[in-house]
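I have placed the structure first, in the form of structure tokens, so that the comments after it can refer back to it.
Labels run A, B, C and D following the written order; every chain starts at residue 1.
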Amino acid sequence: MSRPLRQRVYFQLFGSLDQHGKLTITNKFVVTVIVISVVVAVLSTEPTLIRGHYDTLILIEIAFGVLFLVEYIARIWSIAERPGPGGAAAKRWRFATSFIGIIDLAVVIASLFPFLVTSASILRIVRLLRLAELMQFGRFSLALREIAKAVSERRYDVFVTLALTGGMILIAATALYWAESEVQPEAFGSIPRAMWWAVITLTAVGYGDVVPVTALGRIFASFIALSSIALIAIPTGIIAAAFSDGMQRHRSQHEAARLRHERHHE
Amino acid sequence: MSRPLRQRVYFQLFGSLDQHGKLTITNKFVVTVIVISVVVAVLSTEPTLIRGHYDTLILIEIAFGVLFLVEYIARIWSIAERPGPGGAAAKRWRFATSFIGIIDLAVVIASLFPFLVTSASILRIVRLLRLAELMQFGRFSLALREIAKAVSERRYDVFVTLALTGGMILIAATALYWAESEVQPEAFGSIPRAMWWAVITLTAVGYGDVVPVTALGRIFASFIALSSIALIAIPTGIIAAAFSDGMQRHRSQHEAARLRHERHHE
Amino acid sequence: MSRPLRQRVYFQLFGSLDQHGKLTITNKFVVTVIVISVVVAVLSTEPTLIRGHYDTLILIEIAFGVLFLVEYIARIWSIAERPGPGGAAAKRWRFATSFIGIIDLAVVIASLFPFLVTSASILRIVRLLRLAELMQFGRFSLALREIAKAVSERRYDVFVTLALTGGMILIAATALYWAESEVQPEAFGSIPRAMWWAVITLTAVGYGDVVPVTALGRIFASFIALSSIALIAIPTGIIAAAFSDGMQRHRSQHEAARLRHERHHE
Amino acid sequence: MSRPLRQRVYFQLFGSLDQHGKLTITNKFVVTVIVISVVVAVLSTEPTLIRGHYDTLILIEIAFGVLFLVEYIARIWSIAERPGPGGAAAKRWRFATSFIGIIDLAVVIASLFPFLVTSASILRIVRLLRLAELMQFGRFSLALREIAKAVSERRYDVFVTLALTGGMILIAATALYWAESEVQPEAFGSIPRAMWWAVITLTAVGYGDVVPVTALGRIFASFIALSSIALIAIPTGIIAAAFSDGMQRHRSQHEAARLRHERHHE
């Protein structure tokens, strides 16, 4: 009688997926393992930290790889329990070729890769995707969907803002190329070079590695810096209004439901 | 019988202009050509990229120039099909002297200029205007108009914010000129010089090429840096409120229309 | 019969003040003179610009001083026409001791000072106050008052935000003083020194003249930099909401007035 | 008859705590002492200021320590007057082990510490907590609670934003590690090192101490800098909407109360 076990495994691994409820104990364990494995992958790129601990690191990575492999096999095995038409093989195939299934497989391969290629630490960052996959459940999912909805509802505004941003970058780069290319050929000698300065200025990051020095260049740069305020204000305004609108719609729906309810009982 | 052809050409070139619908195939082709030509113009200013490809570049530019010329002539020719009073010559003259017509001509001239003056790469950026011209159609137009409306509705607030910004720049520059002109005559030796620092600080860009070093200068600069938060918060707040207001008005109009409709059917 | 002249002078100089209407021709002339005089005062601090033109500059400044003096005398003389109780002397005294009257006098004195002390260019920036005085009329006044109202309505929130900002600056400075004072005694050797870094980081200006170099200092600085987002987001949110609220109140008042009107005519 | 005195002391020290009213005279005195003591503690870390005044400083610190000790003893003594069940000892124990009581004790200990360890100036910053404790009364409390409520109501959104920020930092650091680690091993030689750059760029602080120099690194950095706008826009939008919502709810409650009142009187 292997079925009850498979059912329990299925619930533990996919429970949250089907019921939009809380994470199961297994889910929480997986989240913890992923977070630790990402932290290890990040830290293992720092030579001063791993010096002398190279063997330990390889062992830890093998452990993570095996864990993700076991989980992947368990998911493929237990997915047969998923309600719906089709045989176990069809369900497994559907899962293995789904977006989530491919991410899972990619994580397993990326985790076991260090055996083959030892410097593939960047690949291990892919494990983050597993985390993103799990974040779509529970209450975070609601907040995430709300943010995504607020942004996507105003996608034309966002797109126009992006186009205006692009235009402003191009105009800023051209102006500074015109004003500074002779004095600073290294930094402003061509429009693509001046674009680096333009992006860093318009986003108000302002590293200061490349800075106009001529009077004309500084006058241009002043206007470009001032328009960076608009570049931050407009998308913020759009997103704030979209959120505000979403909350209001929420409330007026509640209100309408309450009113209908009241009328019904009068 | 050349008329059916001219009609088809007219529709392909001006279709979106008169019907506020989608871009025609010709429009899409023109957009693609403009984007490529702008990218080529931008990249051709970089010496390390064009070295050795100078002849190819000239040929590409000639091709773009001819394309824009052909399009311009086709537009002038087919504009006679535009509905409305007046003869073909009158319509052509009206188009040629309209804002769009002048931009079109400027783009053609700027594109064919490299034959005459080879270093006129900045002029070719003018082609962007053609793109802006085409962006006013379709759904982007709505978003663009909405943003422009939200900003222009609050234009007095925006103007007051600009005046306050100007005042703050002047006060900041005067304060730092007073505090730092003796220690750093190169950077703060006059109010116009200190204005460069003031703009870069108040917009939170903060290059760091010019920085106060005296205790008094740093105390002034701290207050100025803190007021940069207000300088970002106030316009953002105004624009966010304007967008929010716009969306709400939209909804309450819908609501009012729905209510009127319901009453009518009771 | 000097009265009609005095009346006309009074209207030209104080018209906008009493009727909240447009600026009179004299007002516009005064605005232009002030703007030019401020620009001249700003530019005259730049040694490379005034070299050789020193005599011209003194003459220009004398002209401005005389103009402001004439205007001040004309205001004192014509204020006797102001409607209201009291004799001409009482009205003149009331004006001369009012806030506007004192600013006017300060501008006159600051403008005529160069005769006495030639390097008093900073004093001349005081003329800006005259501009601020004139900005309180017309439609700008409405926008300005609206902004001031939106901010002052939420003054407790603004105050709490300021207190939180102060607390964050102190905590940030203490943390970095603790982490970096030994490695960089010049920049982080005391809490007041570290506060310069804290302000520049929390406001996202980020000059880069003082930067943490130890691992611990950088970890602290990362959290401080991330909390700078909250420092910008919270006041912006408060101000955006205050504006939004103001606009809504406006509309609901209009709505209420309309409804009352409709009911009345049913 | 020591009771009336104890009652008066209780009211002076805890008055605002129990009645949510204004600060008592004693409270105001305590606030002033705390502010001065924090300023002294901050300034006393600056060697150029305290040189030669070391003895004075120790005396001032002793005075502060004694003041805080006296206040603490007075609070423990007078808390017996607090209304409610239980004897004086029980009330004192409850206060001494409460959050506020522990902060008070910590401030006393931190203030008297300089006798024992003279370099414990950082500890004295703990006095700020007393200020925070007093800020929860009166009208500031309302504003503070409103801000906290607006933020906590949208805590899932804030959490998702934090998670996205974390993800963006990790992706940005990995991208730049990949692009720049060979050219700038000191700054981008590992993902943890590149994270310093990523945080400073994404928060738009942009010190410029670490800057990408390769073409690929700059292209990545440009996209990361542009996404810093979203990183500021999204939390600002969420908070603005939460505030806006709070104000609206306030008004609609007032409105509802008014309507109910009107109906009642019809």
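Remarks
Keep in mind that, in the parts below, contacts are C-beta pairs under 8 Å (C-beta built on N, C-alpha and C of every residue); 3 or more make two chains touch, one makes a residue touch a chain.
As the structure is a computational prediction, the values presented were derived from the model and not from experiment.
In terms of the distance between Cα centroids, chain B is separated most widely from D.
Think of chain A turning onto chain B: fitted on CA atoms, that turn is 90 degrees, to the nearest 5.
Both copies, chain B and chain C, contribute mostly unmatched positions to the interface they share, with under half of the numbers common to the two.
Our note on geometry: chain C versus chain D, Cα centroid distance of 30 Å, whole angstroms. Each of the following residues of chain B touches two or more other chains: 195, 204-208, 232, 236-238, 240-242, 244, 248. Those residues of chain A that touch chain D in the shared complex are 38, 42-43, 45-47, 49, 121-122, 125, 128, 132, 135, 139-140, 142-144, 146-147, 150-151, 165, 195-196, 199-200, 203-209, 231-232, 235-236, 238-244, 246-248, 251. Across the complex, chain A is touched by residues 154, 156-157, 159-161, 163, 167, 170-171, 173-174, 177-178, 189-193, 195, 201, 204-208, 211, 218, 221-222, 225-226, 228-230, 232-234, 236-238, 240-242, 244-245, 248-249 of chain D. Interface residues of chain D, counted against chain B in their complex, comprise 204-208, 236-237, 240, 244.
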